[in-house]
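Order as written gives the chain letters A, B, C and D; numbering starts at 1 within each chain.
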Amino acid sequence: MNKKGENTDWKQKLHEIIYEADTPMGKWFDIVLIFVILFSVLLIMLESVKQIDEEYHRTLLTLEWVVTILFTIEYIARIICIQKPFKYIFSFYGIIDFLSTIPLYLSYVLAGSQVLLAVRAFRLLRVFRILKLVRFLGEASQLKSALRASSAKITVFLFAVLILSVMLGTLMYLVEGDEAGFTSIPMSIYWTIVTLTTVGYGDIAPITPQGQFIATVIMLLGYGVIAVPTGMVTVEFGKRSRALKTGEDKVEKFVHVNTQACPSCSKEGHRDDASHCYNCGSLLNE
Amino acid sequence: MNKKGENTDWKQKLHEIIYEADTPMGKWFDIVLIFVILFSVLLIMLESVKQIDEEYHRTLLTLEWVVTILFTIEYIARIICIQKPFKYIFSFYGIIDFLSTIPLYLSYVLAGSQVLLAVRAFRLLRVFRILKLVRFLGEASQLKSALRASSAKITVFLFAVLILSVMLGTLMYLVEGDEAGFTSIPMSIYWTIVTLTTVGYGDIAPITPQGQFIATVIMLLGYGVIAVPTGMVTVEFGKRSRALKTGEDKVEKFVHVNTQACPSCSKEGHRDDASHCYNCGSLLNE
Amino acid sequence: MNKKGENTDWKQKLHEIIYEADTPMGKWFDIVLIFVILFSVLLIMLESVKQIDEEYHRTLLTLEWVVTILFTIEYIARIICIQKPFKYIFSFYGIIDFLSTIPLYLSYVLAGSQVLLAVRAFRLLRVFRILKLVRFLGEASQLKSALRASSAKITVFLFAVLILSVMLGTLMYLVEGDEAGFTSIPMSIYWTIVTLTTVGYGDIAPITPQGQFIATVIMLLGYGVIAVPTGMVTVEFGKRSRALKTGEDKVEKFVHVNTQACPSCSKEGHRDDASHCYNCGSLLNE
Amino acid sequence: MNKKGENTDWKQKLHEIIYEADTPMGKWFDIVLIFVILFSVLLIMLESVKQIDEEYHRTLLTLEWVVTILFTIEYIARIICIQKPFKYIFSFYGIIDFLSTIPLYLSYVLAGSQVLLAVRAFRLLRVFRILKLVRFLGEASQLKSALRASSAKITVFLFAVLILSVMLGTLMYLVEGDEAGFTSIPMSIYWTIVTLTTVGYGDIAPITPQGQFIATVIMLLGYGVIAVPTGMVTVEFGKRSRALKTGEDKVEKFVHVNTQACPSCSKEGHRDDASHCYNCGSLLNE
């Protein structure tokens, strides 16, 4: 083959390693990546603890540089080996990857830019992409489809809870007033949701008998109302479980997909027997 | 047609726009109304925050006048275009609409009447009337029917919880006494419900070993007792879900109704093929 | 009839009114009794509030005397019209009735005996006896039978939760120590149950990182563990619900009983067609 | 028989009493052991309460010696009567038993070693081993198998909750900062889990409007998210319950096992008709 063919070949292999998980190397890359991400998040956590940061500042900074360099290499490799790099750069993961990489470089130009390091927590979402590998266990996808199926009901329910909270919050604001901490209507609504969801911080609590009576009603409401989302999700799970057992009326059709990503648009979720990308139509690597 | 006919015609059109949602104009009216109501509620919230009110008092007052004038126009239009205006004026929504409109006018006559503005939060209930438009999704009505079906069980349950709270609250009052905040029996009952529903503010907490022991029992009770409403609602949802799937034994019959309101008594929920109001018998607009 | 017959006749009628609810008079007696009991409980609540007691002490005392005299009459009537009075006197309800009646009389002899008034809260349990009237709705009895059916499972579950609490509480005592409020192992166990049941007062909260880490694990445990009783009760309700619908395999047999009480042993729950008491065999009033 | 036979015979009988529960003596041993363990745990609890320890130090120490001597005898007996003592000594229960026995002896050599007494709480786990006696009720084993069946789903769910907590915790750290108690990212994550699980201590609570808004979202999330484990466990229980009723497709096969322990490796759970240990193959006592 000529030079260009070799070049493409080399890129194609890198693409397989970075974007896919069907080859041993691809699997290793994913596992190493997960650990580096977890380590980088742990690092940010430790840096945020004042005592640790003061004592081990040098070590933490060195490790931060190691992580940053690894992320930089990964980011550049991702851009090089994809056919349409701009699609990746401006994708959700592309932006997260970029923001996770630059803070340390920026810190020499812009003071306070190290705050951006916190964006790295979002890189944890990659774990879900790699969880894709084990989705044939059916658990995650079953969970997701059950939640999606009850999303309309959950929306109506959340809407009702919010209107209820506004009404009860306004009532409590009028009944309790400033003394007990109900300083404004938004504050009262915040308190109502804290009570309705049975969280109950206690930073604000009613002190008048009328306020305590209304609070009691709100608590009993919240106690009963929690039954609604639970009931809805349980029924959805039950449906899925029965469908799987009887095999007669599948709630959803599952198709066996692999972890290959399209080399030009990087869409994923192609069927095992696919030869072209279902999104942009370009030829898939075998 | 003669003058009167034209007049009626004009009123009828207004009625269709304001009270119904079958025409494009009617739909637009509903959507605009929702936004004005949401805006008016947001306005009251902002006014209740002291800092914001101090800084932007003039702007907020102006906007308040805009909302008040819009509500006044709507209120008058509602009275004009209905055949029996007193039925509307003394209906639940009529009173809410009136109370939401007058506070600003009243504030020039009566000091402190701006407190009435809070009634506006109840106008949010109109959102549910307009939700009616999407009820063919079946979600809201299914939710409602499941809750209604288990209402007898829930009443028995709430009653048992209340008696339990009175008994346990009285016990805690005797055991703990004033020091820990259990200053009276109603206060103790309030604390018992706070604990039983797992809200747990912590504004009052037992300090004697005996009190803490009883508190532990109450908590475990509350932890187990929450299973009861959840179980009841789940079973109801399950029944409905199965009925929808098999199609054999519908739990409730659904009939297709439109959003038309009777021009004389303003009852809603007429069947699509109805020609007379099912409530007062007057002829419906086509 | 002779004197004795008339006497018995009069007692029998009183028995029917007080102990049963099949005659209009009997129903009225029950309803009035419920209201007097509710009123007496309300009275104790008001007395326990210092400000109210100081201001209206005279009125409250007068009303307390009215209630006490009514209870005294009821108690004497109950003893007179029953054939075996000692069975009633030493029954659970007999003792509660007695303790609810005497405190005011005792207060002239014994200082501080007014504390006994709190026993009156237990008279509220009579409400359940009268609820018996509506149990043909099936709700209360269905609730009870579902809870009884899962009681074995719930016991195992509660036992596991308790052992877990002891172990985790001891661990937290060692990790946190006195500073954070974990002053003794029982205190730590109390805190563990407060956390595991998601009540979370906040009177005691971990302050060391290790303690907060263990607390996090306990919370997630509690969050997951609550699924267990909910799941058990839901399944029981579901079984009952299905059994009622299909009508094939009833979980429990319901027999139509009336509210008559045996005139000699005052056992209740006789079948409609019963002529003898199922407990002591004496003849029942028609 | 010769000396050695008698010796073995005696050991075998002791083994039956200590390790098994099929003979009356064996049952008695188990019951007494449970009470001694419960008593020893109660003793540690009382010792940890400062006031009680000061007043009754002598009595508590004497009782502690009684328990320690009983545990020592039990420990030695367990080692003597088993064929392969090292298997027991280095087993989980063996180590717990040892650590529960030595603290008092150690306290004469090593100061502060009394802290080890807390390990005794773990001896409560023996209760579960003895619960084995009643597992033919099927409750405990059904509970366990349902939890095991949904463990994959629960793992995915817990994983999602943890990633969500890290992301939301980091967000809150940036939004709230030191003033409100969000001093570091781990602290913020701790708070997020406290909120998401609806525990809500209130030791840390958001004070800025933005923080309170995010807190509201987290609470509603937690309120909805609790439906997921509940739904999963409920469906599992439902499956088991239906399988038991129809008898057609058992989810798990139950085999009747006895409480005999292998005399050489002390494995338990042998079938009633077993003559050899399923683990090490040695002959079982009849």
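Definition applied: a residue touches a chain if its C-beta (ideal position, glycine included) is under 8 Å from a C-beta of that chain, and two chains touch if they have at least 3 such contacts.
Chain identities (UniProt): A, B, C, D = Ion transporter.
Remember, predicted model here, so these are calculated numbers, not experimental data.
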item: Between chain A and its twin chain B, rotation from the CA superposition, multiple of 5 degrees; value: 90
item: Distance-maximising chain from chain C - centres being C-alpha averages; value: A
item: Chain copies touching (chain A, chain D) - same or different residues, decided at half shared; value: different
item: Separation of chain B from chain C, taking each centre as the mean of its C-alpha atoms, in whole Å; value: 34
item: Centre distance in Å when chain B and chain D are each reduced to the mean of their C-alpha atoms; value: 48
item: Touching two or more other chains - residues of chain C; value: 186, 198-202, 226, 230, 232, 234, 238
item: Of chain D, residues touching chain B in the complex; value: 198-202, 230, 234
item: Of all residues in chain B, those that touch chain A in their complex; value: 41, 44-45, 48-50, 115, 118, 121-122, 124-125, 127-128, 131, 137, 139-140, 142-143, 146-147, 154, 158, 161, 186-187, 189-190, 193-194, 197-203, 226, 229-230, 232-234, 236-238, 241, 245
item: Interfacial residue positions of chain A with respect to chain B in the complex; value: 152-153, 156-157, 159-160, 163, 166-167, 170-171, 173-174, 183-186, 189, 195, 198-202, 205, 209, 212-213, 215-216, 219-220, 222-224, 226-228, 230-232, 234-235, 238-239, 249
